[in-house]
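What follows is a set of structures to go through.
Below, subunit A partners subunit B and then partners subunit C, in two separate complexes.
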Partner chain A sequence: MDSDEDERIPFSQRAEWSDVKPVSQDDGPNPVVPIAYTDDFRETMDYFRAVYQSDERTHRSLALTEEAIDMNAGNYTVWHFRRLILETLNADLHNELDFIERIAKSNSKNYQIWHHRRWVAEKLGTKATELELDFTRKVLSLDAKHYHAWSHRQWSLQVLGGWEEELDYCGKLIEEDIFNNSAWNQRYFVITRSPLLGGLQAMRESEVRYTVEAILANPDNESPWRYLRGLYKGDTSLLLSDPQVVSVCLKVLSTSMNCVFALSLLLDLLCLGFQPDQEFKSVVESLRTSDSATPDSNLAKTVCSVLERVDSLRSNYWAWRKNNLPSPAVQS
Partner chain B sequence: MHFNGEQQRQSIICFLVCSLKGFTMGELEVEKHAQYILSVEKRKDDFESVVMEHLRMNGAYWGLTTLDLLGKLETVDKDEIVSWVMSCQHESGGFGGNVGHDPHILYTLSAVQVLALLDKLDVLDIDKLANYIASLQNEDGSFSGDMWGEVDTRFSYIAICCLSLLHRIDKINVEKAVNYVVSCKNLDGGFGSIPGGESHAGQIFCCVGALAITGSLHHVDKDLLGWWLCERQVKSGGLNGRPEKLPDVCYSWWVLSSLIMIDRVHWINKEKVARFILDCQDKENGGISDRPDDAVDVFHTYFGVAGLSLLEYPGLKAIDPAYALPVHVVNRIFFGR
Partner chain C sequence: MDPISSIPTVTQREQWTVEEMVSEIYQLFSSVPHHAQTIMLELRRDQHIEFLTRGLRQLGPSFRVLDANRPWLCYWILHSIALLGESIFSDLENNSIDFLNRCQDPDGGYGGGPGQLPHLATTYAAVNALMTLGGQKALSSINRDKMRTFLLRMKDPSGGFRMHDGGEMDVRACYTAISVASVLNILDPELVENVGNYILSCQTYEGGIAGEPGSEAHGGYTFCGLATMILINESQRLDLRSLIDWVAFRQGVECGFQGRANKLVDGCYSFWQGAVFALIQRLNSIIVEQLRALDVGGSLSWRSICTGAASNLSEGECGSDVKSYQTDERFHAKQKEFSDIGLNFIKIPAELGPLFHSVALQQYILLCSQVQDGGFRDKPGKHRDYYHTCYCLSGLAVCQYSWCKDADSPPLPKAVLGPHSNLLEPIHPLFNVVLHRYYEAHNFFMGS
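Right after this comes the complex of A and B.
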């Protein structure tokens, strides 16, 4: 895997390990789910078991855990023992952050690494604030939707702070990939939880403008539509009364044809009692195919019918919506 | 995707014609998948095996549950399995992923599930195990994975599922556990791993499962979540875990089981999901992969077969969407023989 693999000296040939008797994996006589091992791995783990069982917490056993982790970063018992050793040796945890970063390069989807990172960062406290933002930014630059990285970043902001540039960071990621749902989720996290911004109420207007722009750029993008609804946090009267909401809906329907998300939002607005004007009615009417049955006088029902056709994968869902329209929607 | 639209349309038409009478029996390679699972141990120097060593307990659960769903569980040596499982138990009452490994809530659930499959729960000191899990509950109702304190809604599900199977749910503060799960609910109706965490189908399964088992589904906005979940279906018919991500067979489990628990599974196109799973099979060597033509593994084989079971694929045993165990096993635990 790495360049000095050819030069690896077996533990049995290392003078500094000559006093240790390796302990082999006890699979029992007829293992249930026996695992096949490479020789190097087997030997490394045999030596690990020896120091683990004798509870040897020294620099050489620390180095051994590093070798074991290099071979298999998922082995949580090795990480567990490594933590015990680090505590006993009172090791410099800044070095540990570097170690984790190195391992994460090839194993970033591994829970143990992230958990270990969090343990170290928690111990370092605010000394780690910038380091954690930096580390997660690096991982996210390789995979901008990395669930663990986002989870760690959220934890880090809440426990260690560092909110100053987070909104800008979200903006940058959204600019790089407007479809990045994780970035939109983080944006919501920031505007609702950052101690530096005024909270959802204060941020709402500018965020609505921002979101509308994103929607118009890519109307088939699920994330900003959901984000838009989120900005009204269950306050339906606010959602209904904001002209920007109705206007983006109309704009998309007039120019994009068959936009599922715009139709879906329109449907929800109608269900909340929205009274559409003639412009809306005409646009929806133009989406209806000419060969369908007698036109429905009810706009909400028409919207459902259009959705059944253009989002046929979810036709059962739209049919259910049509049969369950609340009274505000049924009054044309 | 590697087929073109026209091929896809043709195979769908053909499939739909067959599906008027239900699925074609020969589509799922039952024998091959059973052989694949049983033969995993025959491999030497296999990288996948090397990295799975510490989570062998999970592997046993995936493999054995799949065999049971396929009707092939009688081919294994139950006593040996039980003996190995018990040798993974720690003095704290928790189970490690393998012999000599430290306990963790993940492997504790798998151990209990394996014993439940084999109808050997009576070998357990149930209170000791239950106490281990209860000790992992935190002040805010959340659960840690082990002594090191990692918190994730996955662990909330595990604790609740495990204790429920052992009839010991009263050992934890259920109200606080439920409140913590609810605090991870997002505006889109979904759930993340921690409060504010992005909605993700895997976390949603855990949270909905936890709420289902504790009789707390009224906290879920079923219509809103149902819609989010059915939006996971992409053109190819497969399911993804979050917006704008690729479909993966494992989401066939997490999305489907969640939809079933909230009674909204009819909102997706079931035939297309089944087609997607069947296309992920390695029809020559057995096993199922994350998406068509990728390498197979036990994890995806389990989720593929479990997903097909939820879709009522003929010939498969039914699986419980909340406990992720065959229904006959769950019935045995809650209703006696």
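Right after this comes the complex of A and C.
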């Protein structure tokens, strides 16, 4: 890149640009937040403004937008004009994918790159299915929580398809890093939206097993706990009646008494009207330490008190929960 | 899945590195005498002002990557200065108004620099910057009629907004469009139509809000989504209970906020997540109603308030035949209702205290994000920048006023960590503009 810049010939000295009069930026006499542009940058943008204002959609304009994007990939006006040119020239969009990949290499955290990629892939249609999965896989291999890459992958799956191996892909990423919440989110996306899997209801049983195993492997990991709740979204009665939910909480608490995620799920169950059995009651009672002299009047309050103590950073939140317990929880 | 004893994952390794850096700072802090602690906690006002005004006057060549974000640079800097209770010289003020006007498109909206396409994010930044400057000249420089045309042009038939002509559609776009329309008093049923449905479709199983339907719950989008829902009077459609639970868990052992579950702490979320709490504090009656639904009829009616109430609203009020009632009195009645939401919201007494640890967050901002030579950063080891300076200071203001029931009243001394000179100006949490400038703009645009 650096050697390229050294050899760069100014537009003013390029024969093919001799007919164009550069347009300087209308910054006014005393602009605020003025940027000390380098000569290269200023000149490139001056020529860009010239072709943009005259709406010149030619091959040389296309090449110019590439140079401008190289200097600042965040300039959405340049990207927008590039799309107009590509359309006019009916350009080969496969080359465009290579261009995006090259730009993304230096910095892929930018809305413009991904919006452009979506535009190109949409035009290519199902020809791009594999390419988009590969591209996002490549980006995610460097940063497995890349927000734009995941959004693009989801868009691509929904519009272009390619769902076949997506659940395995999520499984692989979760196996690599069980704390990768983005991979868990993708897993939820797949089990609820994949046309091949039959939806949440069909997937629930096996997913609960998978999630419980993940929780037991690492109870201090928030991701599977939230995922587990998500598996019962819209079906509270099932959340309350499925013995696996309460049992994973009790099992975790039997070895790590202060596990905030287990306690918080227990609290939610009680708030939703869960009817605790004797085992449940005795586990909660055992969590109470000798220092809490006055016993709370019911289980949900006890759990809140324990949480206030073991999760003191969130004590305001747990106190608020304690003061706002719904009546089903207070009755238990 | 391997048990705990196995090799640490990428998430764990990165998390531990940050925890170590932060704990070193906190250990140092707790080892020094009280007067030294006070010095460590002091907001370096002079250094911040110097860093900020220097940027307003001149930026180096490396800022070319922000050449399409110059109204943002204006807003980040001007809002930071306003939070510090300072004002800028009148030459800089006039130059700011003149420069932003050069970014205004003849057909409405503001671009990232002179001659650039108008963009919703830079439009929001420019309008907020002009509000922050305040005064007749700044406020009247905004072309409201053309602004409405621009906002309508950005509206997608699905209900969401695109950032610019042919641009991307997400929750950010909804917030920036609705926020601008609200402060300029041009919000109406046509702009609002189906926005609520779009935001609702972005609330995830975790409880927070994502940028697009299906994506991961995220601090920035959660703020944008919740603020939008409040501004269009539809916050009761969100599952606020799970949203609050999600955001409560975003504050970590470092004392600052992370943006998503199992991600690293970052000073900018002091505002994005912190302000979600500030908004929640004024939603008490709606939250109580949602909790009561759980109470009365158990889980069934709980669900119906989250989903059923929604469909009632979209079928009736937000009607599918907006065009036909445009001539109707109801259209104007609705418009009138929207115009006061921002003001009424801040007048509601905060019945709830903060549901996060406000002193801990101030500790993170002052000890870990603050740079001694001026400016704020994401976390120790990172460089300062104007974005983080703006959002760390905004988050600090949210903390300081978090125990105030009345938005206009000064906080109790114990709510402000460090010397009392640390006290910042209060903000309006829906717009992130200093409160008195919001009032001024509201009056100005109500009259016009």
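What we mean here is this: the second predicted complex is superposed on the first by the 319 of 332 C-alpha atoms of A that agree within 3 Å, B and C clash if a C-alpha of one lies under 4 Å from a C-alpha of the other, contacts with A are read in each partner's own complex, and residues count from 1 in each chain.
Quick note on the criterion: a contact is a pair of C-beta atoms (placed from the backbone, for glycine too) under 8 Å apart; a residue touches a chain by one contact, two chains touch by 3 or more.
Predicted model only: the values in this text are computed from it and were never measured.
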| item | value |
| --- | --- |
| Three-chain arrangement built on subunit A, subunit B and subunit C clash or fit | clash |
| First (subunit B), second (subunit C), both or neither touched by A:His115 | both |
| Subunit B versus subunit C as contact partner of A:Gln154, first or second or both or neither | both |
| Contacts of A:Trp320 with subunit B and subunit C, given as first, second, both or neither | both |
| Touching partner for A:Ser237 - first (subunit B), second (subunit C), both, neither | second |
| Comparing the two partners subunit B and subunit C, which touches a greater set of residues in subunit A | C |
| Which superposed partner A:Ser223 touches (first subunit B, second subunit C, both, neither) | both |
| Contacts of A:Phe189 with subunit B and subunit C, given as first, second, both or neither | both |
| Those residues of subunit A which subunit B touches in one complex and subunit C touches in the other | 25-28, 30-38, 41, 45, 49, 71-72, 74-77, 80, 83, 111, 115, 118-119, 145, 147, 150-151, 154-155, 179-182, 185, 188-189, 193, 221-223, 226, 229-230, 233-234, 313-314, 316-317, 320 |
| Contact footprint of subunit A on subunit C as seen in their complex | 1-4, 9-12, 55-61, 63-70, 73-74, 77, 91-92, 95-96, 98-99, 102, 111-117, 119, 163-168, 204-207, 211-212, 214-218, 244-246, 248-249, 251-253, 255, 260-263, 288, 291-292, 294-295, 298-300, 302-303, 352-357, 360 |
| Subunit B residues within the subunit A interface of the complex | 40-41, 43-47, 49-56, 59-60, 63, 76-77, 80-81, 83-84, 87, 96-97, 99-102, 104, 145-146, 148-150, 186-188, 192-194, 196-200, 226-227, 230-231, 233, 235, 242-245, 266-269, 272 |
| Subunit B-facing residues of subunit A, complex | 25-28, 30-38, 41, 45, 49, 52, 71-72, 74-77, 80, 83, 111, 115, 118-119, 145, 147, 150-151, 154-155, 179-182, 185-186, 188-189, 192-193, 221-223, 226, 229-230, 233-234, 313-314, 316-317, 320 |
| Subunit C partner contacts - residues on subunit A that touch it in the complex | 25-28, 30-38, 41, 45, 49, 53, 71-77, 80, 83, 111, 114-115, 118-119, 144-145, 147, 150-151, 154-155, 158, 174-182, 185, 188-189, 193, 213-214, 217-218, 221-223, 226-227, 229-230, 233-234, 236-237, 240, 264, 271-273, 313-317, 320, 324, 326-328 |
